[in-house]
Each structure stands twice: as structure tokens, then as C-alpha cells.
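Naming follows writing order (A, B and C), and every chain is counted from residue 1.
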Amino acid sequence: MTVTQRSSLLVRTISTPIILIVILILIAVIAKLVGSGPFSRTVVEMFIRVMLVAGLYIFVGNSGVISFGHIGFMCIGAYAAAWFTIPPAMKAVTLQGLPDFLAQAQLPIFLSAALAGLLAAIFALVVGRIMMRLAGIAASIATFAMLAVINVVYSNWDSVTGGTGSIVGIPFYTGIWTALGGAILVVIIAYLYQISRSGLALRAGRDEATAAAASGIDIVRERLIAFVISAFTIGVAGALYGHFLGVVNPDAFYLGLTFITLSMLVVGGMNSLSGAVIGVIVISTIIQILRWLEKGIDLGGATLSIPNGLQEITIGLVMIIILMFRPAGLTRGREIVWRFGPWASKPSTAGEVAVSKNGA
Amino acid sequence: MTAILQIIFDALSLGSLYAIGALGIALIFGVMRLVNFAHGDYISFCVFAMLWPSIDAAAVVFAGNLPTFILIPLILAIGAGLSVLSEILVFRRFRNANPATMMIASFALGFVLKHFLLMLFSSRPKSIDLWSNLSLPVEVAGARIPLLQVITIVITILILLGLTAFLKRTRFGLEMRAAAENFTMARMLGVKANRVIMLAFAISGMLAAAIGLILATQSGTADIQMGVSVMLVAFIATVIGGLGSLPGAVIAGFLIGGVSVLMQVILPLDARPFRDAFVYGAVIACLIWRPQGLFAPKSAKQRV
Amino acid sequence: MTILSVDGITVRYGRLTALRQASLKVDEGETLFITGPNGAGKSTLLKAIAGVVPVAEGAITLDGKVISGGSPEDTARLGFSMVPEGRHVFGSLTIEENLMLGAGMRKDRARAGDDLAAVYEVFPMLKERRDKPAGVLSGGQQQMLVIGRALMTGPRLIAIDEPSLGLAPKVIDQVYETLLELRDKRGLTLVIVEQSSTRAMMTGGRMLLLRSGEIVLEGDARSLARGDTLKKAYFGYGEH
């Protein structure tokens, strides 16, 4: 692809990340204006999930391979952040098995988050070199096995991870703006990857495996690149999550979160970045509304509330119903684009772009 | 010698659960390419069905107090009914959807079932008294083996024999095998899609119920989580066995059970807590070695 | 008497239109060849009739009953037996199981045994190996098996997609011989898709040419082949 082609692709598709980022900023501003504690926490959690799901999208959306393993990278990132930032005096008591350089360390938050992402990325590179040869359901199972291995190791390596108990003492840092920054960062990374040569090649391979292979695309290599980048973003998300909760424990990073993030991606539409972000926003909003209903809303003196537990049942049913009517997700795998005025983009899916560019 | 016998029985009885679970998942996958994540929740549902309507912590078993010859068919029927109902209400509408969408839909259904049980019974595990005299040991060639282990293995063998006979000797079985291999072609020969799929769901649900009965008897408790862990291993077994291959799923189920028990014995003491990490590591190695599964049917190569 | 009638059907795969406003009629007991270049929509036409791909517009009637919008099994049960391209034997089932699968929907199951005997008479090779898995058969033998299996459904019309694909000429002769014999003996209606028109010329019957999703030519196979109308229509020159 030539430079002109690339820049024209950039111009045609740039409205998507801009719109998504504007939506995220608007949500942050609203949360600040409302100012309620619980609501802010919900919004922070939502931003972190945007990081997770958009990060997951980098691999799953572009390659078409469902991964059950990415929450393992979050686990790695969160624990790394704990190792880097908990005051040494506390670590000496709770995590006696840490090597000296970690036991003594107390890094600045952002450096720690970057290193946490890097650690996850390096891990992904090592295991990915073996696993990315697999495709389809075998690859999905392998990623699940990877998650299980990470979970078992972090649950039992007591001297370094504190075992199944929680590690406390991670500095609280993540608020709305930090989380927003993280979400924007991941959206930008995901967008840049999507229009990169590797991203286009991977999408071409997803849609037309034989044709892509025939035109010399090394699917395994491109998959590995996507795997490593998405591991980095999710590792960083894990670090921010640690600084949000102040505690980490291995079971927070297991099947529950894996399925919630995957569901958000599929409900939103797993073939587009917009789908990833919209999926998080829609599901999070529904969850929040149901939580309010569960607590009870005041209707002119009478309190209307739904029984406990109905929230989860409802969210499950809503997901099933959305998928029934939109099997390809809310966005149907298309990107949100600006269609008005001089900057109007042609509506098209990134997949189509990838295929036509590849053929050109 | 007796120690080895004990290990063999441990491996076989654990493998039995995984094998029956894998069979239940593989049956559905065969006919509609659905990885049914709700399967584990069918198992839990069947266990809790024995408690209903009692929700006390020390469960006054209602259905569980029924005589055995009524209880077992009843629970099997509940499993089959739940499974068939989920096909009619949910999965039927996803026949043409892509596998990821179906998978997430099945997960969402499992989520609904699980929280339905939580709402009724709360998350605290409940004790359940079901054939407790079965945990008494019996003497087998000098080793003391819990009677329940022997029964579990015998029941599994009976299930496998029964299912094989059904698949090989009956018209329904013929249609199911054909549908699992090439569904569209089978339909073009007049095989009724809905009937075959509903039958597969019914059998799969009964297998889930069988696991529920065995698990409840073994552990003496009813726990919301109990089905999921079996389901995950069973799911892995279906893939390792070669998706679409029923014998493969069964063998892989026993294989994973065997490897788990063996690791527990041969790993050094320090490494034992990490046993499952070794088992899952072996799973990855196995997939790299044979991505199509150990016993993939010839037709699987083009399809998966 | 018309047994199958296709009225202006359109089939789309996503945004791609594979078949546009196609209409045709098939009379009982006749042989209809459908030919045309790669990607012309020949297989799509058969699949649409069989109910495997949905029809966007138009209607298909079999024996006076509307079958478009129905399921493949319903169409099969009305006497339309499809032999799709690529043969599709059930490799893990035995040869006899493959055949018996076809007999499942017949109301007169007692006759299934007679039919089996009849199929074995036509294809003695299948009888010899009845307990072997069908996956071990050669390409030509598999073609025999799928035709035999289609016969087991007790069809009034058999549609075959590319029966000669990947077969040796001698085997092709054998396949056609069998088909025509069945047509004459049992009054079967044959719809045969072939990419080349040579067979149609040799065999005779009606021929229909599809190009880019449209029926562009129709007529008697032998007379069409004589002039160069067919060649022109096939390759699409002389129009623009």
C-alpha cells in the first residue's frame, strides 16, 4: 500500500475514533456534573471495560478468533502494578517471595502501568509464538487453557501473589480522568492497528482466508502482532483497575469477567471498533439502570423496586434478545462514521476496506 | 498394587464425569455447531431440582425423598425438558448465526439459569442427603474402593453402551449421525432438522442430569458452581477429542481425568497445588500437536 | 404435465445477486440440462429449488404445491431429490446406512427393502461393500452411491449437480447410462447441471443456458448445439 492510499484511508475512517472519543468524553463530563460517588465509580468501571473490550477487539475483531484468555493479561498487569507500587514496607510483610529489585521498588503510577502492559505483552509474545499457529475453536480453547494456567499459578504462588487472598495496599489512583485517558488511549491504539498494514492483512485473512494466504499474507505473524498489542492494552487496563480497587485477587480475573467482556464485544458487534465501545456503553447502561431499579426508585412516595437477583437475569435475557434480532451485534459489524458536511465519510465496514486494499 | 488399583478407580470415576459431560456437549455441537455453555448450568439446575421447593440450608429434600425408581427418571426428565426448552425458546433462533454469537447466547442463557437458581436458593452450598450409604467402601482385589466410584463407572459404561446402541441400531440414531456429519445433506434426504436437534438436546440434557445425580451423591452438597467446572473440562475434552467425534469426546474425557489423577500422584509435593496448570499446559501441547483433535473425523478438516 | 415450475426467482448472497428473475418449467419424465460458465448461478438455482438457500423474490412450485420458503426436508418429502455437487456421502456411515437414510421419509417403509434390492441390482458394486464405511469409496463409486441414495427417497424428480465432475470418461458414461435407464424405466424426471454442453448434445433433451445469474437461452439440446448460438451465448460475445 502506498503512502497516498494509507493517508486516504486515514481520512476516510478518522471520524470513527473521533466520534467514539467524543462520546467517552461526554460521558465523563456528565459523570463529573452529576458528581455522585457510586455513579462515578460505575463510570470508571465502564471506562476500564472500554479498555478491556477495545483491547480484546484488537485481537478478536481483527482475527476472528474468539479468545477466552485475555483477562489473564489483565491479571498479569494488575499484579505487576501491585508489585511495582505497593510500599516496600508492606510488601516485606505480605509478599515475602518477591525478588529484591521488586521488593524494594516503588515506581510512579504511569511508569508502573506501562511496565505492567509491557509484561503482559512479553508474556503474550512468548505464549503467542506457540499458540497463534492454531485457528478457530482450537485457538479459543488454547487461550482458555492459558487463562486457567495463569489463574492457577497466581492463586497458588503464595509468596509472590498472596495466593487466593487479596493483596491490599495498591495506591488508589484511578479516577474518572485517568480511566477516561486509558479508554481513549486504547481506542486510538485499536484504531491505528486496524488501519495498519498488519491490521488490514489480518482482516483480509479473517474474511477470505484462502485469498489472503495466496497473496502472501503471513496470518500467523499478523495474529501474533495483534495478540501482543491487545495484551499490552489489557495489561495496562489491569494496572489501572488495581489502582481503582486498591486490592487484587486472582478470581477477579477469571471466567466472570471473561464472559462479560466477550458478551459486550459480541453484543456490540465484534467486527468493528465501534461495536466494541458501543457494546460496553449499552450493557453498562442497562446494568446501571437495573441497579437503580433494584435499590428502588421513588415514585411519588411509593418505592418501586425489583427483587434482588433479577438484575442479572434481566441482563442475560436482554443480551439474548439483542443477539436474536441483531446476530452480528448492535452495530452489525459496521463503524460509526460522520456522514454530514464536508467531512462526510463513505459508510463502509473496515473489513471491506481491507479486502479491496488487499486486492489493489 | 492396591495403591495402583485405587489410582485407576479414581481416574476412571473422574474421567467418567468428564466423558459424560463431553458427550453432552459434543452431541449438540455435532448437529448445530453450538458450543453450549449453558450445559454446566443444566447440571446445577438438575441438582437443585431435587431440593425444590425447600430452600433451607440443610435441605429437606423434597424430590430427593422420592423412591429411587421415581427420582432418577424424574431428574433425567427435568434435564431433558430444560435442555429441549432452551432449544425451542433460544437456540432455534440462532441456527444461522455465526458460532461466536451462538456461544455468547448460550453463555447468556447459562447466566440467566444460574442467577435464577441464586435467587431461589442463595449462593450458600446446601447439604443434600442422597444415597449416603453408597460412600461406604467395598473391597476390590484387596483395595478399598468407595462403592459410589464403582457405581459411577458402571453407570457410565451402561450409558455409553446404551447410547452406542441407540446411535447404531435405531432410525433416530442413524439420522443423528448423518446430521452430525453433514446437516444440509441429511435434510435434503428428508431428515427433519427440528426433530434431530430436539432429540440431541434431550439426550444432552439427560446426560447433564446424570452428572448432576452423580455429583450430588458424591459430594453430598448442592452448589451453584458444581456444574460449571465439569462443563469446562468437558468442553476442552470435546475439542481435544476432535469436534464432531463422539468417541473422541469420551476418550478425551477419560484421558483428562486420568492425567489429572496421575499428576496428583506423580508431581512433587511443592508442585501439587499447581496441578491444574500442568493439566491445562498439557491441553495446549495437545492442541498444538493435533489441532484437529486426537480423533477428528475425516470430514472435520474442511468444516472447522 | 408440468412437475416443477420456477417463476421469476431471485437469490442474493448478501449484496451479491447470484440469480436474477429466473423462470423455468420442467415436464414430467423429461431430461433438462442446465449449463453455463463458472459462477453463472447453476448450483444456486438447484439449491434454491431444494430449499437450501432462501429465495428473495419469486416462487417455486413442485407438483402444484408452493415449495419456496419451505425447508429442504419438506421439498425432499414432496419427491424432489437433490444430488449436490461434490457428492457428499456420509463418510463415517456404511454404504447401506447411507442408502437407508434416503428411505427414512417414505410412508411405505415396507417398500424400502425392495428399493434397496433394486439399487443393489443397478449398482452391484455397492452391495458387495455394503458394510464398509462410505468414505473408502472412490469418486466414481461415491457418485453411484449418492445416485442410489437419491433413488431410495422414492423421488419423482432427481436434480444432479455436475455428475461428471472429477470422474474418468468411462465412469461418466456409466453414470449417464444408469440415469437414462432409470428415467425410461421409472418415468423419472431428470434435471442435470453440467458446465459443458457436450453431454447434453450426446444425450439429447432440453437445454437451458445460464449466464451471470440469468437464463439467456433455452431450447432443444441437439439443435442448439448445431449452430453457434450456444457458443455465443455461453461466452457472451456478439452482444456488446
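Keep this in mind: contacts are C-beta pairs under 8 Å (C-beta built on N, C-alpha and C of every residue); 3 or more make two chains touch, one makes a residue touch a chain.
For clarity, every value in this text was computed on a predicted model and none was experimentally measured.
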**Report entry** Central chain (by mean CA position)
**Finding:** B
Requested in this report: Report which interface contains more C-beta contacts, comparing B-C against A-B.
Outcome: A-B
Query raised in the report: How many angstrom between the C-alpha centroids of subunit C and subunit A?
Result: 50
Query raised in the report: How big is the gap, in whole Å, between where the Cα atoms of subunit B centre and where those of subunit C centre?
Result: 42
Query raised in the report: Roughly how far is subunit A from subunit B, going centre to centre by Cα mean, in whole Å?
Result: 32
Report summary line: subunit C residues touching subunit B in their complex are 50, 52, 71-73, 75-77, 81-82, 84, 88, 90-93, 97, 100-102, 104-105, 135, 149, 153
Query raised in the report: Which of the residues in subunit B end up touching subunit A in this complex?
Result: 35, 37, 90, 93-94, 96-101, 103-105, 107-109, 111-112, 114-116, 118-119, 228, 232, 235-236, 239-240, 243, 273-277, 280-281, 283-284, 287-288, 291-293, 304
Query raised in the report: Tell me, which parts of subunit B touch subunit C in their complex?
Result: 171, 174-175, 177-178, 181-182, 184-193, 297-299
Query raised in the report: What part of subunit A is in contact with subunit B in the complex they form?
Result: 66, 130-131, 133-138, 141-142, 144-146, 148-149, 152-153, 156, 255, 259, 262-263, 266-267, 270, 307-310, 312-313, 315-317, 319-320, 323-324, 327-329
